[in-house]
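Note that the chains are named A, B and C in the order they appear, and that numbering of residues resets to 1 at the start of each chain.
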Amino acid sequence: MEALININKLNLFYGAFHALKDVSLTIPEKAITAFIGPSGCGKSTLLRTLNRMNDMIPGTRIEGGIAIGGTEIYSNEVDVETLRKKVGMVFQQPNPFPKSIYDNVAYGPRLHGITSKRELDEIVETSLKSAVLWEEVKDHLKRSAFGLSGGQQQRLCIARALAVNPNILLMDEATSALDPISTLKIEELAQELKDKYTIVMVTHNMHQAARVSNQTVFFLNGEVIEYSDTEKLFSNPTDQRTEDYISGRFG
Amino acid sequence: MNIFQDANRKQIAGRRRTDWMLHILFVIATSIGVLALCALIIDILIDGISRLQPDLFTNFPSRKAEGSGMKSALVGTIYMLLIMAPISFIFGVGAAIYLEEYAKKGRVTRMIQLNISTLAGVPSIVYGILGLTLFVRLLSLDRSLIAGALTMTLLVLPIIIVSAQEAIRAVPKSRRDASFALGATKWQTVSRSVMPSALPGVLTGVILAMSRAIGETAPLVMIGALTYVAFLPDGLKDSFTVIPIQVYNWLSKPQLEFKELAASGIIVLLALLLLMNFSAILLRNKYQKNV
Amino acid sequence: MPRQGLQTVNKAQTLSKEAYDFKNKRVSIMNKVMPILLFLCASVSVLTTIGIVVTLISETYQFFQKIPIFDFLFGTKWSPLIPPKSFGVLPLLSGTLMITFIACLVAIPLGLASAIYLSEYAPKRVRKIVKPILEVLAGVPTIVYGYFALSLITPLIQSIFNSAGVFNALSAGIVVGIMIIPMVCSLSEDAMSSVPRTLRDGAYALGATRFEVALKIVVPAAFSGIVASAVLAFSRAIGETMIVTVAAGSTPNMTANPLDSIQTMTAYIVQVSLGDTPHGTIEYGSIFAVGMTLFVITFLLNILAQYIARKFREEY
């Protein structure tokens, strides 16, 4: 597997708080990488640096570098809008816009300049199909997105992210607000999507990481403690702290 | 592999330009409000500062601008405040306590609450019409200090009730529980536990409502606060004038000297308002520290 | 130890019956009287409303005994003091509406733009300075705004338009607009800040810029609150009295020219009450009819605003 994201000695500060300490990682293409660790360990913060969502928090300072496909994403060469188009994100809580199902999915393509109705129709259909939601909603695309169940809303948010044709999909505890059946559907979806997309997921749930991901990174207090194939990390961790965490001794 | 190579940088640059231009536009729109306030204050200071002399406070208004003062208006405003403050405090806070602590959630309470929020939106001049009919004519209080004060009380009551309700609601439930658990009755709990905690917030609201009242002109014009009063009111049933009415009176005269007097009257009025608002802010800060 | 506990129990049992008399007469009087007194306080507000409605209706009814209601509502000439007397309210209504439209044209765009700036763009530091300034602007007495109109805005307008008189609708309308900017701004901002952060994040994560998030996500999501604030602004402008009395003139005039002097309903009420009009005359009755019109319009608008804010509240 080829490395797509290279994180090099990344340090991040919120004011005086040192949230990420010397993080260096390579994340492979077309695979699922999971970030695990206790609350406040920096896993979500790192995820949010990958599409520069942290830019909007005042007082954030970053040192070191992140390169995606060889391009340094914090350089002036990169428009943050393009970056976010290429690096999609799904959030902890389903957050559909107060619009119709169709308009939710079409929102991104419209932003990026697609106006033709035919083209938008096509994008909406393929995105909803990719998110395995098409069959459930194809007859009422004009209905409000709020009418959907929580799990459907989350798949709609995935479709919305896919509609702008990203290469990478970030999932920030995307199933933590969902029931077990919806969670399972999203996990299956992630498995399907990894053939076309590079997925980075933050999860609170170790079993989910073990079930779904190819690679797992364990964080503690803003540092990467261990990073390896998921199977190896869960069956044969090298660090004592990893073992403590995955065996449920803390966190 | 460069994943950014298909980026439409031109399209994004255009959107960023729009964002930038709108940002500027929003800043300009916001500064118009701020600049208007500055212009207003500067304009008034330039026009009125020269008249801000002892004469203004010690003399009664006269037909000539020279030596004309606003003694009766200043005293009238202060008298109004002194009458209005306790009445509106008692009724406003009483109503708030009833609604927050005693009223059962039901149609009557909902109706009272809806009524209060509707009253807050009634134009002040309509209160003037009510005051004219109820206090001046029916209760034959004539065009007196007490009629004016009562009219203004009705005007500010909704404001006081709403702010007092907020202050009472902010008192944590645990304080009520603690009091009840010691065997206190409802009224003991309300009067000795809830109200002392809510008092600074309540007072802040009352002061702000009073500052609204001393700037009001229209209702008092309606009930006939006189524009020319060359004496100090001696009792509740004497006629009176207040600062905004004196200002209105000066403003409606064509001579330039009276316009300056109006500006100086406004300076006094604004200074008074500033003083009241400042004390409200002090109270609020103290309150935030305590709760 | 157990023994001692037993003793205590025994002791309690031997206490006199009085100890279990939970009635405390002094306290229970307060507990009975206070709720009634407090209810009376609360009922003052209801009585105020009843007072307003009864006053307006009874006097207006008498007025309509003398002047046919049709002539009042659809008459195009308002000349209550100078014969031939005529009581057609339309000139006052048109004057009021002109002021209101000018005011809304100023206040709604500026107030909304300020709200967007404060809620979506402004750094915390700027917000901390601007919001109190707007609060001060909201607390300035209307007579002061009247002065502002006469002394600054009118000369400015006259220097641009030669035909503008000393009293004109434009000047008063603009200043009424400035006065209600803070109201539109703070109500709209409240509506926008109640749009959850996650919606904004969702849009930013798709590569939206700030104005796209503000105009395509936040404003539509807060739309009902924004409309309600606009309706309230409209109602507030209709009821505004001193600015128009001072700056818009006292010429009931059905004109479409904002540079003309006009008279609003509120200014008419002030004009009559300044003169010593005896009770029982038609002129005296006319202020109640006009007041009734004013009250009904503002009342309906306020109800409408509350309805919009509640009915169309978005569920995020």
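The criterion applied here is as follows: contacts are C-beta pairs under 8 Å (C-beta built on N, C-alpha and C of every residue); 3 or more make two chains touch, one makes a residue touch a chain.
Each chain and its UniProt protein: A = Phosphate transport system ATP-binding protein; B = Phosphate transport system permease protein PstA; C = Phosphate transport system permease protein.
Owing to the predicted nature of the structure, the values given are computational and were not obtained by experimental measurement.
Taking the CA centroid of chain C as reference, the farthest chain centroid is that of A.
Chain centres defined as mean CA positions place C nearest to the mean of all protein CA atoms.
Once the centre of each chain is set as its mean CA position, chain A and chain C turn out to be 47 Å apart.
Taking each chain's centre as the mean of its C-alpha atoms, chain A lies 52 Å from chain B. Put simply, the C-alpha centre of chain B and that of chain C have 13 angstrom between them.
Contact with two or more other chains is made by residues 81-83, 85, 111-112 of chain A. Each of residues 15-16 in chain B touches at least two other chains. Residue positions 209, 212 of chain C each touch two or more of the other chains.
Taken together, the chain A residues at the contact with chain C in this complex read 51, 53, 56, 58, 80-85, 88-89, 91, 93, 95-99, 107-108, 111-112, 146, 157, 160-161, 164.
On the chain B side of its complex with chain A, the touching residues are 1-4, 7-9, 11-13, 15-16.
Touching chain B in their complex are the following residues of chain A: 4, 68-71, 78-79, 81-83, 85-86, 111-113, 167-168.
Only residues 15-16, 18-19, 22-23, 25-27, 29-30, 32-34, 36-37, 39-40, 43-44, 47, 90-95, 97-99, 102-103, 111-112, 115-119, 121-130, 132-134, 137, 154, 157-158, 161, 185-188, 190, 211-212, 214-218, 221-222, 224, 227, 244, 247-248, 251-252, 259, 262-263, 266, 269-270, 273, 277 of chain B touch chain C when the two sit together in their complex. Contact residues on chain C toward chain A in their complex (touch as defined above): 123-124, 196, 198-199, 201-209, 212, 216-217, 220-221, 314-316.
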